[in-house]
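Following this message is one structure expressed as structure tokens.
Going by the order they are written in, the chains are A, B and C; count residues from 1 in each one.
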């Protein structure tokens, strides 16, 4: 990974006010929520109040929206690629920068929440739940970062956010409306129950693929409780990350970076 | 990747002596590039060679494809047919990248960076050793004549000239052997233009090969060895500026001292007719005359005749510079076709 | 001097592409395997999974053994490829405390389900009558307990055998050593309706547990469930000897009320939980009548020989039934059928049966 690109990505964040505000909000919101809960319900003092690992995904979103596409829009990417640097190294260092920053932010949040819980109820120090939570956060941060890098390499400017939202929305609409139609259409065409079952299974496959793509996670806490999903979830995670990064490298290396042609 | 860079750094570092430019230069053979799926032909069968140590200037009207050519030479644009090679390697080869410096036409920066940060960033990106970072970047900043007070200011506070200088400094990181400059003096004040001039001359003395794309013909005349005229994506003429001027017919402007004896038009017409030249304009109140001559011999005899006739000639200038002449000729010819 | 291998900025990372392609194919295969129900990975990985050292019996063997040893049957319903089934088999039942307890106190039978929907035939020859006994509508893997007394009973009756109130009682013999927060740390299968707070609809199917202690608590409860006596509610029962008194109506003496209940069966269980545990009804019964309880054992007819005559005497065929012995006109009035709190209160107040449905003897 190229250290200069990572450092540059992190420093670029500092100058963007909107992102800084969102980051602060995201750090403070769970803390405020838990404080409110503690103040209103007494018995929750014994519970280790740490938020779900899902917040790592939100952190990655804040850090990673438009990493590559904003550079392409401003045109600064041409100067960077004028150096002896391969596109794959560039994409990988961007991925690492976003993932690392997001996981660091979410781990910080986790430590603060856990520290507050421990201060209020010291026996919680021996509770190792938060280690599993932290690991999940890191994994989720890097997974979501890879997805963001993929979207970011396709378009310029902040349009990748629109693309993500659009895909999510399309997926939801498809699941709610298209799926029943597909299932019933096949049945009505006389393909029989076998065809209907096939369509049901197919839509289930597409739906679960969609879910894995948008939430690439290895559920560490469940695995420690004896779940069998370790193999499947690791394969899914590796698949999502490598496929996203490969597609990003592939598309970016095909793009033309021109000056003065707009 | 680091090994490649180290090798390139060693190779690049050893050529900082004059007249030792190695490698086989830039070769473009029959390049074709189209936009919009073939509808717009930006470059149409362009062939060009730049020998190592040579400075080539690119001249042409707007939209002739010069910026596209530089984009293709840097490997940013994909071309449809033809070959380009720099030192025999592909244009976006990593070794080539460390040997080539590029100054784009419209340079954009991250606005929050300071000048020094920017150069540090690019210095690190090009894989140079970290120990030399401070020293080399400061040297480059001094070379492009950027004020030290501006080095720590964010780039958004820079003027156009300062931005251009910073861009030039960036192109020189890593002591490249080739420089591709797209309008290096655009938007610069006269002092900046002079700085660029001196810089280019010193770089030529060091043996750099460069490809210069400019609209300012006088700058090209002063800095370049050869000039290529590009129109509609083709090289229509190449002119070697180091050769003696070919005998082209051109217009001379003759100025004489106004305070001396009045000069008669008749004397002028006699001398011009004798030399086979044509008098186009005669303004005794300005002390100016415009004469059209066919070749160098006529011009020499005209001057001799005027001096013998007692005209106090102070200056004899061509109306258009050499390059301007060729440019206008070629453009007119191109338009006719 | 052109290099044969391209080493430029647009160099494609072939190793990454290879890894991406392989992992994508593997992930899609696993997804298809799971969603389409092919269960190829399940079959391939079965030799590598831990098998719990539980002495599984076949069903017929288990039924005969249960009648002999008077131990409850423990059915382990394991759907192929199910997450919980794997966890139960390879993690829960493999723990020494768990399998020792199971081997000692239950008769375990393994029910592997590979074909859905589940029928007796799809499970095998020896599972005849299984779906009658165990309600398979939940489509969940889990543990199901059948007490030895109720081996011929239907799933509904097994589920409703309600001794739950008694378990939380302060009687030292019946106190649950794992705490009286029953059912909070593991989840039982639920009926499709709302979960009844009286517990009558709660079937003894375990579909989820958090850790080893929860599983142990369930097994303990399952063992003691059906061995406890059915709950008798809040009513202060009189000894059955008062049944021998002569029928008479005297102002100072409260009339006698005879309750005929089965010790197992949905209707009786529901009656016990809804009516006998109602504080209001119990207060009325205690204050206005002298209640006597006679319990029948529909699944152990040998025990009912001495009390069969009561059913014939009052013409009762279905249980539960409530009979008011000392009425104004001397004839005992019977309430059968749907007896609930309101109707019983009316019955007691008026001394008449408002919901007479059966024919006279």
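Operating definition for what follows: contacts are C-beta pairs under 8 Å (C-beta built on N, C-alpha and C of every residue); 3 or more make two chains touch, one makes a residue touch a chain.
Everything numeric in this text was worked out from a predicted model, so none of it was measured.
With chains reduced to the mean position of their C-alpha atoms, the one farthest from subunit A is B. Taking the mean of each chain's C-alpha atoms as its centre, the chain lying closest to the overall protein C-alpha centroid is A. Here the spacing of subunit B and subunit C, counted between their Cα centres, is 93 Å. In terms of their C-alpha centroids, the spacing between subunit A and subunit B amounts to 49 Å. Separating the centre of subunit A from that of subunit C, both taken as means of CA atoms, is a distance of 44 Å.
Counting only residues that touch two or more partner chains, subunit A has 81, 84-86. Subunit B has residues 4, 94-95, 97 in contact with two or more other chains. Those residues of subunit C in touch with two or more other chains are numbered 8-10. Every residue of subunit C that touches subunit B in the complex is listed here, in rising order: 1-3, 6-10. The touching residues of subunit A, when paired with subunit C in their complex, are 81, 84-88, 201, 204-205, 208-209, 212, 225-229, 232, 235-236, 238-239, 242-243, 245-246, 249-250, 253. Note for the complex: subunit B touches subunit C at residues 4, 75, 85, 88-97. Touching subunit B in their complex are the following residues of subunit A: 2-5, 8, 11-12, 14-15, 74-76, 78-86, 89, 256-261.
By the touch criterion stated above, subunit C contacts subunit A in their complex at residues 8-13, 16-17, 19-20, 23-24, 26-28, 30-32, 34-37, 83, 86-87, 90-92, 210-211.
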